[in-house]
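Note that chain A is present in both complexes that follow, paired respectively with chain B and with chain C.
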Partner chain A sequence: MAHEPVAVVGIGQTKHKKRRDDLSIAGLVREAAQRALDDARLTWTDIDAVVIGKAPDIFEGVMKPELYLADALGGAGKPVFRVHTAGSVGGSTAIVASHLVSSRVHTRVLAVAWEKQSEGNAQFGLGGGKSGSIGAGGAFAPWIRAYIRKSGAPEHIGWQIAVKDRQNALRNPYAHLHLKDISVEKVRESPMMWDPLHFLESCPSSDGAGAIVLTDKAGGLAAAADGRPPAWVLGTSMRSEPSSFNGRDPIRPQAGVDCAWDVYRQAGITDPRREIDVAELYVPFSWYEPMWLEGHDLAPVGEGWKMVDRGETAFDGSFPVNPSGGVLSSNPIGASGMLRFLEAALQVRGAAGEHQVDGARVALAQAYGAAAQYFAMWAVGSEPPSG
Partner chain B sequence: MRNDSDIAVISTAYLPSVRRNELTETEMLITVVDEALDKVGLKRSDIGFSCQGSCDYISGGTFSFVPNLDAMGAWPPIHESHVEMDGAWALYEAWVRMRHGDVEIAVAMGSGKSSTGDPAEIHPLELDPYYLAPLGVDPVSLAALQARQLIDTGKSSERELAEIAARSRRAAADNPRQQVRSAESDVDKLLAEPYVRSPLRRSDLPPISDGASCVVMATARRARDLVERPAWIAGLDHRSEVHNPALRDLTDSPSTRLAAEKAGGVAGVEVAELMAPFTAQEVVLRQALGLGDDVLVNPSGGALTGNPLMSTGLVRIAEAAEQIIAGGRNRTLGHATSGPLLQQNLVCVLEGDI
Partner chain C sequence: MSTQTSQTIQFPYKRTLGPVIGRFFSELTALRIVGIRCGDRVVVPPMEYDPQTGEQLAEHYVEVGPAGTVVSWTWVPEPGPHHPLDRPFAYALVKLDGADTNLLHVLDTGGEDTVSTGMRVAPRWRAEPVGRIDDIEAFVPGETPEGPTAGEPADVRTMEFFSTITYTDVLSPTLERYAASMRAGVITGQRCPRCDRVFLGRGYCSVDALRLGPEHEEALPDHGVVSNYTIVTPTPYPGQKETEPFARASVVLHGDEMVVSQQQIIGVPVADIRVGMRVKAQWFPEAERNAAEISSKGWGTVAGFIEGWVPTGEPDEPAEQFMDRVF
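After this line comes the complex of A and B, so read on.
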């Protein structure tokens, strides 16, 4: 049975901020979802099903919040589904929603992912609700040090990425951080958080939500005929592996390699570095950019940092990474994966405004979670999938 | 005739529902995955997709599903997902994934350990965080409001509720996996017991339980080779209602009715396994579904006699499937619910080969 082609016809997000105390949680998700519906020229009654994703419930102290959010998202009388796959959840929310269409269970699906970090304490939550949490930076720093030692990368690579993503964020009105005077010197001089990660090499804590509307082929073609080209889903994949075991490579996890190649295969991509025009990778700490370039075979092993050093991943480089500003500029945790997925769609629709990469026709989005062990990825394109 | 792409439940396993299981959630899941796969001669490496359902708040931590990856064994890396919902919705995600045709065998799991916490303290947190959660209304108090409305509108009576409790307890006496097996089942004696929350008595409430369950599904290409009598999924759908119980008619369940309609309807259903942890909810569900007196309801003993949260709904589907796989029935129904007072409902209609 051939899958139904899936089109992203609506995209919406909130202005991400440290505190959106102008909105309740329901108001936050509603803001993103309403924008996605408006973008799709659809109304609430047009939606067949709603998929909701977020990181652990303990972050806001609301158990199974999709129950309460059913009202704000027009869920009465519809299927309302809740995904949770750690930090990759924003990506897997988009994927599960796309599968509802590609499997022909539904025709028009709304996917929303969110986090309202200001209403809780994510650092406490990340520690399993125990005190003394080392936080995500503390967990990832040893692997980053191992990457640096193994690859021989110079220390300025991390600072350079921190600057690049924040400069990209200046083009994105929705980004949380707008650090107009960011510089390599400022990053280097900012407090050391988890060696080698300085404060300015780390993601912020944000309130925010992202939403997309997905439709079948007919819906995508109708939008295109109306002058609103959709993003076509070319491939989706999820992969997981255990947190730790002897022989695991936490720097280049096999689940990430497998996930990427599953997407490339579906999208007909054999040379990802050449055939993909722009990538949104989940980079909550600067060094994850070269690590994922290598982890998804966008650069040969040991060469990812050289791509960064040569400026290839810069906004005007040959392989722009995170033109949105990335997780380093906005981090509503449960939504962070969705923001990567929707930015990739914006890029191939040619609808990314000031952060539009010229000629973006195929875009890759990735999200990862827990101990760099959960992966969700999709590739989207400006043309419907062949076949 | 079945199409190659048709999907069937081919094997199920669930642990006895108990007040406290000494195993960890991961160990419970390993046990049920082993059992369900062994029954049909499959190995973990045969599984194309798996999905877990569990809840951090019940497990008492964050990312509590991560260690549960070991239940499937995630090396080499596996294709899997997790829902913060009952395992019945994990089955739904796996079913959607299988409809693409590239996954021939998939596994759904549900697990929960309520024994380590106080459900009365935890469950108010699933209510609207600004307006309802601060009231601290526990599930039993909410259920009492629903039962009261049902009785006041003449749709049920305390005697009918006691009869449901008695019937469920008698059914459980024959099911070694149910928790409440030797309790009183004389209706008059139950009616003489004191209220816990008027009009509900102890017999109208579920026990606090630990448990885990596993359901294996296969497409038609593989199902018949693995089991003599697959339980074909004729229809599967779930629907939500608005959240605030004050905005709903608590004596009806339109989302259950709609889900059943979308899943192909209840005509010809011989057995229905309904997730009704409170006696009054069985009345609501039966009426919403329009089940006749000829339909056998909850022959397993139901959620009223064993309620391992996050697994209870998947157990209903497992029981409905076993009625076909082992029981020789032709059409059965499994139901799961989530949220306060039946807010969300899932219906799975299963069929045997005639």
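After this line comes the complex of A and C, so read on.
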């Protein structure tokens, strides 16, 4: 049986900040969800099912927050799902929601992902509640060292990406960091947090949420006819692999390669570098930009950093990466993947405002989590999928 | 006999209350209980959103109580350390005067035979309210609140609380054997018969999904190579002991077998740690070795048995051969 085409008709996000002390957790998710509903011109009662994503409960100390949040998300009497796939969760949440539509189980689905890092401490949570936590930066730093050494990349690549994404964030009013005077010198001279990663090559801790409303082909066409073009989902995929085994390539994990090609195949993409107009990649630490360019065959192995160095991934480059400012500029962990996915949708709707990439018709969004072992990706387009 | 291990983690969370719950707690500091109007009902404690329709509620607060009626209850004959009172009490649903919903709270009556559905109760307030639900210590029989006289309300916007959890694990047979071996000063791994990879205390092959049992076990060397590392500048959090930059290294045992993650390198400054450096285990004295860090949620760990790794002084191994091996 053919799948139902899926359209993103509503997009919402919060203003991401170090501390949203004006809102409860429920208020935070509502801010994003209400904006997505308003964008879709739908009400709470129009929604058939709600999918909630977030990272570990230990981050805020609220166990099973989906139960507490059902009221705030209009979940009474409806199916409410919680998704948890570490840092990739925001992407997985969007994908699970899209499958509820593509399988024709539901017609209008709200997907929400969030994190309120200010209520707890991610370093504590990631360390299993013990002293000596190395955090996410400490976990990824050795692989970044391996990437730099193996690829022969000059060290300024990481600094350059840190500057590029922060400059992009200046175009995005929702981004957490607005570092107007960011420069390569500032990144280089910022403290070494997780050798070889500097402070300014690392993501911030943010409070924030993202939300999307997905619907079927009829709903997408109706929105388009109403002058509100949707983003059409062209392909979705999730893949995982064990964190640890001899022979694993942590710089170009096979699960990420497979995930990307599964999306490309569904979307009819055979030359991703040429056929994709813009990408939102999950880059919490600067060096993950070239690693994922190579990991998803957007650049040949060992040459992702050269794309960066040539300026191809800059906002006005031939292959813009992270026009929103990326995870380096806003990191509400559970929501960070959703922000990649909704930014890709904004781009192909032509609705990204000052961070709109000209001519964006096909966009790729990617999120990864845990020990670079969980992947979630989708491709969205401005035209409905063919066939 | 099976081995149990136990771990406790604790952290002070800071809850942002938002305007509606914040108002409820602020009013408690002035010995007032407020609900919120939701359609033709008064909901207590106030909710931010209509649970039926999902719509945001206008901030129309209504003072309720202080007295109310017990709607239902359950007796707690033997309070534990986490209970709100140290003597037998009831959890009760109290419908405060003027409210349309029931508040779950504590009922302090002295004995089970003095509790009944329909009884009238009033709050006993904490001597110095701070803006938390336990500013009401308990509800007590009667119509009249007990406790201090009301002062000015405080502006309560956040609430801090410690969350503590203790995990008890019963170790699997694989981890039992692993712990016994480690106590004897021998690292034991399990080799997959299909892919020939060695795993530590895992009981299965991550690649081939085969069960690995005692027949697959073999002693591993307690020396190896630093495959990669990071130097962490500690970002402080409660309970953290590190204050200065510290290194965590991955050690690949004997050439290209098992990797042991997040290890300390002993006896050299962190700046001297290198990929390819050859190291050997520094075991704790046999009497001090313990399995406390082993849990059923993870794999074999050397913590509690091996203090860290000491450079052997031998020439380095080629870095490129090892540096991908981190976890």
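Here is the rule we go by: the second predicted complex is superposed on the first by the 387 of 387 C-alpha atoms of A that agree within 3 Å, B and C clash if a C-alpha of one lies under 4 Å from a C-alpha of the other, contacts with A are read in each partner's own complex, and residues count from 1 in each chain.
Following the convention adopted for this analysis, contacts are C-beta pairs under 8 Å (C-beta built on N, C-alpha and C of every residue); 3 or more make two chains touch, one makes a residue touch a chain.
It should be emphasised that the depicted structure is a prediction, and the values quoted were computed from it without experimental measurement.
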Who does A:245 touch here: chain B (first), chain C (second), both, or neither? both
Which partner chains sit in contact with A:310 here, chain B, chain C, both or neither? Use first/second/both/neither. neither
So in the superposed three-chain picture, is A:20 touching just chain B, just chain C, both, or none of them (first/second/both/neither)? second
Which partner does A:82 reach: the first (chain B), the second (chain C), both, or neither? first
Figure out whether A:96 sits in contact with chain B (first) or chain C (second), or with both, or with neither. first
Which holds for A:61: it touches chain B only (first), chain C only (second), both, or neither? both
After superposition on the shared chain, which partner residues are touched by A:71: those of chain B (first), chain C (second), both, or neither? both
Would you check which partner chain A:265 touches, where first means chain B only, second means chain C only, and both and neither mean what they say? neither
Residues of chain A that lie at the interface with chain B and also at the interface with chain C: 24-25, 58, 60-61, 71, 75-76, 128-129, 242-243, 245, 371
Residues of chain A that touch chain B when the two form their complex: 1, 3, 24-25, 56-71, 75-86, 92, 96, 99-100, 102-105, 125-129, 237-243, 245, 253-255, 258-259, 370-371, 373
Show which residues of chain A lie in contact with chain C when the two form their complex. 19-27, 30, 34, 44-45, 58, 60-61, 71-76, 116, 118-121, 123-124, 128-135, 137-139, 141-143, 145-146, 149-150, 191-195, 242-251, 371
The residues of chain B that touch chain A in their complex are 5, 55-57, 60-63, 65-67, 69-70, 74-85, 89, 92-93, 96-97, 99-101, 122-123, 125-130, 132-133, 237-244, 254-255, 258, 338-340, 343-344
Footprint of chain A on chain C - complex, ascending: 9-11, 13-21, 47-49, 51-56, 157-158, 161, 163, 197-199, 206-207, 228-233, 235, 237-242, 246, 248, 250, 256-259, 261-262, 275, 319-320, 323-327
